[in-house]
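Quick one: this structure, given as structure tokens, is what I'll be asking you about.
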């Protein structure tokens, strides 16, 4: 089994780890990090599987997609962090307030 | 002819437009509002008269609008619908006059009259509906339009009454909807056709058809106040008198009864439903409603509640007439649709007058009122006697034909039901009359207002007198052309295979 | 092109915040016009396909405009128009500066999403939409809405990641992200099943189907009124739209059981949402739960999997979009007028805000599915489809839902009719806001009269063609 | 996430179980994928010379799937808008930056800028391109801010905003102009493709850089108050 699949399996692992952390930890920063970890997991799968070409030259399209994805992730993270600051400023603790 | 194609729609639109025009009106614009109302009512009356004549001469008025693939909105003026249209248009006019007098200088009149005309729009729609879905549409619209009228007073009691009303009617609407769609999926059409369109349906579906019949009748029975679905009617007494008149005589209850007529005759077809064996149970329900309503009425001290329960029983005469398979009974039922309306609206007008002028709400307060308000009480008396079925008043005609029809159909038990209910009617009406005419007033009235040298304001006095007069005439000249009686004969000849 | 205009708008709003309201309004009208133009074109020439950059799929990205996407665009345009008018009165200067660019970008995202035929491109638009929506929710400020926005953001990120992973699997199994190509190349495989599971669950999360609805009520209940309207009417629908597309085109392999499962969830959503809506004491939360419920309706179409069923679902979607916009707007007016939205204290509204209450009532009628209204048509179609496919029990759920809706709608209206016993001061409501609400409500009713037209539009390009079993 | 977000062990174990099954499923799905799949690399290489750049990734990003990139610039801008809508800059802390940082930045920033422009240029042929360049530029900007540098009041208004939207707007402008020439949106004629892409990338680099910096500072400038 080739390295391609090793990487992609790692990606899957990251994805699920992130999901676990996202659900379990109340602290917002951790949640945000968790989401990022999930994201990197997805990107890893995306890129890794691109290496399955016969020529060995990886398929460029996934790379482009990953770059797009990363930019999206960066923007989302930035928004999330600022939002987190505002929330903790408003509620006094950096966690999700109870349902209102 | 194009004109024929649009007349029904136009007749409906009139009152709709009136409603839309009235809503934005400012409270103090009394003149504009009244003229709009009466103008609309009059115009409508004229058109309906025109259409009546047309239908009698075999004209064919029908409006079709595409609604869903394979389903149109159909408005058609056939003999049966005309019976109802004429009734409600005529009575609407009187009720409007009455309401104008009744509600003067009370708040939210624009809202009231707006929904008032909306209500009539729906009623006429129900009457003219040419297929089941159109009927359903206006039937629900009627529910919605009536609600604001019932809660109009805005008190806690009225809100409760409104809620009850909605629970019953919307529930009924749901049943009706299920039945309709099921029917559609079985038969592929919903057009009202004389003697029904279902006899063609494959025998294997007949059990399903029975269930559908029950669903539909239950859905309609809510408005027709068949037991055990009558609960909302007595409660909605908190509404202003014109509204009660509307509920009982013109719109809601009648829509239910009318719907039942439609379902039995024009959807299932009377012979077919008889062959399904659903008519006898219906007749039994109706009969028991008659007796139950009268019994309950006996023990009500609140005048309007007593009238309400009497409605519960009276409307079932119509259903009974339908459920007894036989031309004469049918005539009786159809004719009662009109007669009951005329008489009952008289009674409610009078009750309203008593409440407005003397603040009388209870039967026990009525002793001697005959001397204070002779005209009102004359009308009231005529109404009650008609209800009891004393000849030569309108009520007599209906009961007579019901009885004859029952005998003709070999269902003698109905006669006893009729006799019993007549006794009960007498039981709960005559004491009122006695007290009103022959007892002495005890002390002075709860809340008296004086209106010049009339016993009450003219707008309140005239409508009951007119309707009372009608009740007499309908009885005397039953056999005249265009009288409900001969009209019902006309319909019946259509419904029964020669 | 329909997508660019709002972006232009957004940019210019951003550059000249002072005048953003006018820029926004003007652009709104231009967008509506362009959508109208596009619809004319599609209605005349049938479904269109546009390869961006001249590169056909699989290499490039294709935009497809068929009946379904066209209807979504239209409803977006109509709702958008009303929202713009409403918001031009709703927000104060400071908020407006931020509202308009965000809203315009959101609109761009929606249009892009409805037109796209490329599942990765859809991912980007999803994110664009999600972030904009979150920002708009947070716009209300205050502890509740910030918290709601945070939760909403995390949820939507989570959902899109699930979706993206699904996209990855699909791409790597079939070497394309174009829907039609996928539809051709697709054959059942574990990867496909995994992708279907991932994408479906991700989108369900975004669509807030029971039991994944927990985030929706706070978000919709605490956002500014026009934003709540946007979210309920359009944003939630967008993810449903993608789901519909995928199931219709990409996953014809979707099994009967999966459909039944979605149907069950939908039914649960209807009942649960209805009950909770009934138990709410705050108007906006009630409406939010009613959205949860209405979403349930949409999923009742999945077990039927018949063309009639899909059409019914779409029809329900449209009418709900209109009605719910009206309802949230009305709620916004009431909130502004009374200073609170506690249902039990809504007396005087019937007297003082007749238009608003009328809007609320009409919208309610449509939600209940009473005739004549768009809701009724949708309901009728769905019931018919259910009975015809022999699965009448879904019909029962539908009816029960209607009764529940009636219960909570009239709970509000009934209270509003009572005479005011405690006098409280009130603020005037801009006439524009009242008209916008009433306008939407009337449209929701009017949708009940143009069914043949709508249904014929749905057929262009026969998006439902593949749904036949 | 969940409303019943309790850390009760049962919940944990349940979750873990679910996740493990999910992982297993995904792994199985992955392993079921064919070992060899060329994806789209064939088509890309085929059309590469038409795209105006030699680097396939850039070709995909800015030509074949330029529309994605375009929207994604939108996402970036949107994030900034959102952040700005949430409030103004947190107060700059007035502590003077350490000696090391100061000199380091003085040394690094020019290099970073140089590197950014190189990346931008090389992106056409080798790995690199607007996003990489932009992020490097951003790094420079971040350093600047860390050293306590603040944007000139006069530049904080319109000029800053123009710089921020430059990428997206030029991108769109190119697309629309092409449409005016009767081509499709973003359908570059191969002859001028290279130039256009470079133009877009340059604008994008600037915008991305500045946007990232702005995002980093986490709020809109004070001058936005009035």
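Letters A, B, C and D name the chains as they come in the text, with residue numbers starting at 1 for each one.
Simple rule for what comes next: contacts are C-beta pairs under 8 Å (C-beta built on N, C-alpha and C of every residue); 3 or more make two chains touch, one makes a residue touch a chain.
Computed from a prediction, not measured in an experiment: that's the story for all the values here.
Visitor: When I count C-beta pairs in contact, which pair ends up with more: B-C or C-D?
Guide: Per the contact counts, C-D leads.
Visitor: How far is the middle of subunit B from the middle of subunit C, if each middle is the mean of its Cα atoms, in Å?
Guide: Here subunit B and subunit C have centroids separated by 43 Å.
Visitor: Need the CA-centroid distance for the pair subunit C / subunit D, whole Å please.
Guide: 30
Visitor: Round to the nearest whole Å and give the separation of the Cα centres of subunit A and subunit B.
Guide: So the centre of subunit A lies 68 Å away from the centre of subunit B.
Visitor: If you average the CA atoms of subunit A and of subunit D, how many Å lie between those two points?
Guide: 16
Visitor: Mark out which residues of subunit C touch at least two other chains, giving numbers and ranges.
Guide: Counting only residues that touch two or more other chains, subunit C contributes 120, 124, 127, 131, 134-135, 138, 151, 154, 158, 165, 171-172, 214.
Visitor: Tell me, which residues of subunit B touch at least two other chains?
Guide: none
Visitor: Enumerate the residues of subunit A that touch no fewer than two other chains.
Guide: Within subunit A, residues 15, 19, 22, 31, 45, 49-50, 52, 61-62, 65, 68, 72, 75-76, 79, 83, 86, 96, 99 contact more than one other chain.
Visitor: Viewed as a graph of touching chains, is the assembly arranged as a line, ring, star, complete set, or other?
Guide: other
Visitor: Under the touch definition given earlier, write down the residues of subunit D that touch subunit A in their complex.
Guide: Contact set of subunit D toward subunit A: 1-3, 5, 7, 12, 15-16, 19-20, 22-23, 26-27, 30-31, 33-41, 44, 56-57, 59-61, 64-65, 68-69, 72, 75-76, 78-80, 82-83, 86-87, 90, 131, 208, 212, 215-216, 218-219.
Visitor: Under the stated contact criterion, what part of subunit D meets subunit C in this complex?
Guide: Interface residues on the subunit D side: 1-3, 25-26, 28-30, 32-34, 37-40, 43-44, 47, 63-68, 71-72, 74-75, 77-79, 81-82, 84-86, 158, 161-162, 164-165, 168-169, 172, 175-176, 179, 183-188.
Visitor: Enumerate the contact residues on subunit B facing subunit C in the complex.
Guide: Result: residues 23, 65-69, 107-108, 111, 133, 136-137, 140-141, 143-144, 147-148, 151, 154-156, 159, 162-163, 166, 170-171, 173-174, 177-178, 181-182, 184-185 of subunit B touch subunit C.
Visitor: For the complex, which residues does subunit C have touching subunit A?
Guide: 120, 123-124, 127, 131, 134-135, 138, 142-144, 146-151, 153-154, 157-158, 161, 164-165, 168, 171-172, 214, 217-218, 221-222
Visitor: Can you check the complex and tell me which residues of subunit A touch subunit D?
Guide: For subunit A paired with subunit D, touching residues are 1-2, 5, 8-9, 12-13, 15-16, 19-20, 22-24, 26, 31, 45, 49-50, 52-55, 57-65, 67-68, 70-72, 74-76, 78-79, 81-83, 85-86, 96, 99.
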